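In what comes next, chain A is part of two complexes: it sits with chain B in the first one and with chain C in the second one.
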Partner chain A sequence: MKVLSLYVENDTFIHKLEPITKLLYALISIVITFLFPSIMVGAVFVAFSLLLAISAKVFKRMLLLLNVVLIVLLSMVIIQGLFYRQNVTPAFKLWGLTFYKEGLLYSLLLIVRVVNMIISFGVLILTTRPSDLVDNLVQKGLSPRFGYVLASVLQIIPQMLSTTSTITDAQRSRGLETEGNLFQRFSAFFALLGPLVLNSLVEARERAMAIEIRGFSVEGKRTFVRQIPETKADRWIKISLYVAFIVAVVWRIILWVM
Partner chain B sequence: MGDVSTKISIEHLTYKYPFAKNVSLEDITLSIDAGQSIGIIGRNGAGKSTLCYVLSGLIPRFFHGKITGKVTIDGEDVPTMPVEKLIRKVGLVLQNPFSQISGAKMTVYEEVAFGLENLGIEKDEMHERIDTVLRQFDLYKKKDENPFELSGGQLQRLAIASVLVLKPEILILDEPTSQLDPRGTTEVFETISQLKTLGITILIVEHKFEKLVEYVDKIALLHEGKLLGYDTAEHIFSTSEIETYGVGQPIYTALCKRMGLKKANGYYPVSFGETVALLNGLKGSGMDRRTYNG
Partner chain C sequence: MAKNSKLTTAILVLIPVAVGINYAGKLFASALKLPLWLDSIGTMLSAVLAGPIVGAISGAINNIIYGLTTDPVSFVYALTSIGIGVSVGFLAKGKMFNNAFRTLLSGLIVALVATVISVPINVVFWGGQTGNVWGDALFAFLQSKNVGIWVSSFFDEIVVDLVDKVLCVFITFGIFKALPKTLVYTFKGEE
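Moving on, here comes the complex of A and B:
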């Protein structure tokens, strides 16, 4: 793997949206599901995010992402079902353990929030080239230095991993035991750490020099070879998202006051 | 470009890295004409890379330390020249092709655009310049590939293209072939040969002398931070002291020195072509049939 990216190349409406629009959707949908302690609101957003994933043809990949957190979600059901503070009404018994209705409902609320978080961010990550997201953010005012750090990490970490395997091979060829019991593995790790850190520092310095002589520190207006256009659709989606956000905040305040 | 005028002038340049015990460059004085190609040679620690860093402005901007003397390009002081101006004057290509890639760009095309974006070049001009250099360096077919998927030679060509797209008048190459195989080395030297025809002033640090001598007009010999010689390759390599500095010499020069074969001008041949010409000239003179016992 050369790049830390889950991007799935495709040509759908969602892929063509400005990355910031997708980021905004992810953030606002997460905030709204957290503002309202309602399973219904959460479920609506989960359903909508899923619809986006399906229309972007990334549903299968999305299931893989959800698989990763499956155990965490299950543990939520068990822990809240058994030990939620406001547990009063028994729902069912399993192997002698009583699960309570209040806990199960609360765990369901947590699950829709987490699932929405994963799906809405999943839509962003699976349908956006990482460098486009960073470029888009820099175009909107993010510091180019910070943007560089974000973008380069995605490629440089896999490079470091490949350096690690080269160093491991070199050390093994000189008799270092990298397999065996925990102690052997641990001492092998330290033998790799020195060359890896030094090598990475040298490379980082050279890379810093290389980008410096290509004008990285030049102040002033930057241009972008991939100018990511803000389409009409983007503008309308953003306006709708802002409106939804404001309505949600106002509504929440009214509910809280009443 | 192409007119014979002093492009780079260095006068009594001395530089010491921060925390270093000794100076890395000591009282260097030399001048380079526009359009010339200069080879910089010397053993490790001679100050070759340091000289490149001074000329490209990395010293004192990136590396601090103590610098004295005068370094000018087109009469303008390099250490105080604004960065955006200096970048348009001087391009530097480093040793390791992998660490020169910005790492922030996903395709070869975007990688070449990196420097242009930093300088705020307009989009149309950017596309035009990128297309030209990618074709010039035979990378156009690779434009949508990830830079890290290229071979070493291609990557070094990409590094040179990424610098040349900024249209510098001077290109400095610091051991550009040290990590490349023979094919990658040939690719880089062919590129340098193309650049010479464009009138770009070239400085190249290189240990592969047999290749180097074919492309440069003059050679600067550095030893322990001092400039010991600045002359044509045949002058530099014909001296008897060259072997004492631990820099080596072209295999053809070493061979001819061993055989006592000199050119008509009294210097030893430095390239394959010169050696062959010399040996051909000896045919029939009886020397080609002599038994060599040296």
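Moving on, here comes the complex of A and C:
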């Protein structure tokens, strides 16, 4: 079955880690980079996340993920460099515009944080099958009903997308204008979305009955077809992540109090 | 419009559909070259059908799935989606979708809620920008006139959100009115 995902099949050390370990790394590295307003801390995490991405052989895909925010990041440098409130020291001039040091440094800080967020989550996303992540979360105590919701989104979206092209073809063959002025295109939006909503709600009702018959609401503990093992490496990584997190929080509080 | 004291199976299968509708809305909007996102219709529809809690869950899951499949940045905007789901759910409960005027009012409220939640996120993550060209141009202009970062960021966000959310609310309202009653009752939840 077609499933929505950015997963890259491979067999590296990172791929074999438990999904939760990778999730935990992403969350903790993001929290730490935001706790410290320092470009150095951010750069260390960016470098480390990149190292993980390279060792998982997903570097090229990572560039595609980063590409999405490239323009915003560039405009951030320009806007903050020109107009940041605490701008005093001019750094350089370009086409008669003065860029200031404070704004440029501030935008650099924002950039390392965002880039670290994308790369650290990217490692999780690119090296983990989404269904494995959901299974892993359910094994660790997430309600299986919610697990089902998460897993089924990933299957339903490709299904709905294929329905989408069917509806588009059907409406076009009836003479629907999908080009033209803004108003025409807006009415086309209704003509396309309406049938899709109706169709998918009817299907959802049938699905509800089908899974109900298969014992969806049964109480009690679930067993799993696929067990995701927690390796020794996982345990060590998790412990060091927790330690890093606690150290960072304590350090931050000390800096704050002093 | 439901009390949703319980997440029934019907409601649980509604949530993925809501996320799918958001996805399709965004897809259609870009295919038709509309200058908007229109990517919260599913969240709003689920909130109208099954109440604020389901709206909030749909919104959160929508952004989690987006984050996992296309763009990790969208995780942090889950809060905005939750806000949209909750506010639409309560507005629907308060019969604010009964006629065109009230719907317009609801749209404005939802846009305001979305903006108020998004602005702190924009300030923390992007130094106040939204990534939308028009909004950011306004932001740069206000910053150059020494307007505070919060105010600038607020205007940056609201010029984008206002039209988008009001239209989403209207489309949701239109679709909801056109749905057969039997379907509406299926997803209404247990009273």
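Worth a mention:
As a working rule, the second predicted complex is superposed on the first by the 256 of 258 C-alpha atoms of A that agree within 3 Å, B and C clash if a C-alpha of one lies under 4 Å from a C-alpha of the other, contacts with A are read in each partner's own complex, and residues count from 1 in each chain.
Here is the rule we go by: a contact is a pair of C-beta atoms (placed from the backbone, for glycine too) under 8 Å apart; a residue touches a chain by one contact, two chains touch by 3 or more.
Every value quoted in this text rests on a predicted model; they were computed, and no experiment measured them.
In the superposed model, A:148 makes contact with both chain B and chain C. When the two complexes are overlaid on their common chain A, residue A:201 makes contact with chain C while staying clear of chain B. In the superposed model, more residues of chain A are touched by C than by the other of chain B and chain C. By the touch criterion defined above, A:77 lies against neither chain B nor chain C after alignment on the C-alpha atoms of chain A. In the superposition on chain A, contact is made by A:216 with both chain B and chain C. When the shared chain is aligned, no partner comes close enough to touch A:108: not chain B, not chain C.
Of the two partner chains, neither chain B nor chain C is touched by A:8. With both structures placed on the common chain, the touch criterion links A:248 to neither chain B nor chain C. After overlaying the two complexes on the shared chain, residue contacts for A:34 are found with chain C alone; chain B is out of touch.
Within the superposed three-chain model, A:161 lies in touch with chain C and out of touch with chain B [touch as defined at top]. Shared interface residues of chain A, touching chain B in one complex and chain C in the other, are 130, 148, 152, 156, 159, 202-203, 207-208, 211-212, 216-217. Chain contact summary for the complex, chain A toward chain C: residues 4-6, 34, 65, 68-69, 71-72, 75-76, 78-80, 82-85, 106-107, 110, 113-114, 117-118, 121-122, 125, 130, 133, 145, 148-150, 152-154, 156-157, 159-161, 164, 168, 178, 182, 185-186, 188-190, 192-194, 196-198, 200-205, 207-208, 211-212, 216-217. Listed in rising order, the residues of chain B touching chain A in the complex are 56-58, 61-62, 83-84, 87, 90-92, 94-96, 98-106, 109-110, 113-123, 126-127, 130, 146, 148-149, 159, 162-163, 166.
Residues of chain C that touch chain A in their complex: 7, 9-10, 12-17, 19-21, 23-25, 27-29, 31-34, 38, 41, 45, 57, 61, 64-65, 67-73, 75, 124-127, 129, 131, 136, 139-140, 143-144, 146, 149, 171, 174-175, 178-180, 183, 186-187.
Touching chain B in their complex are the following residues of chain A: 2-3, 129-131, 134, 144, 147-148, 151-152, 155-156, 158-159, 202-203, 206-218, 220-227.
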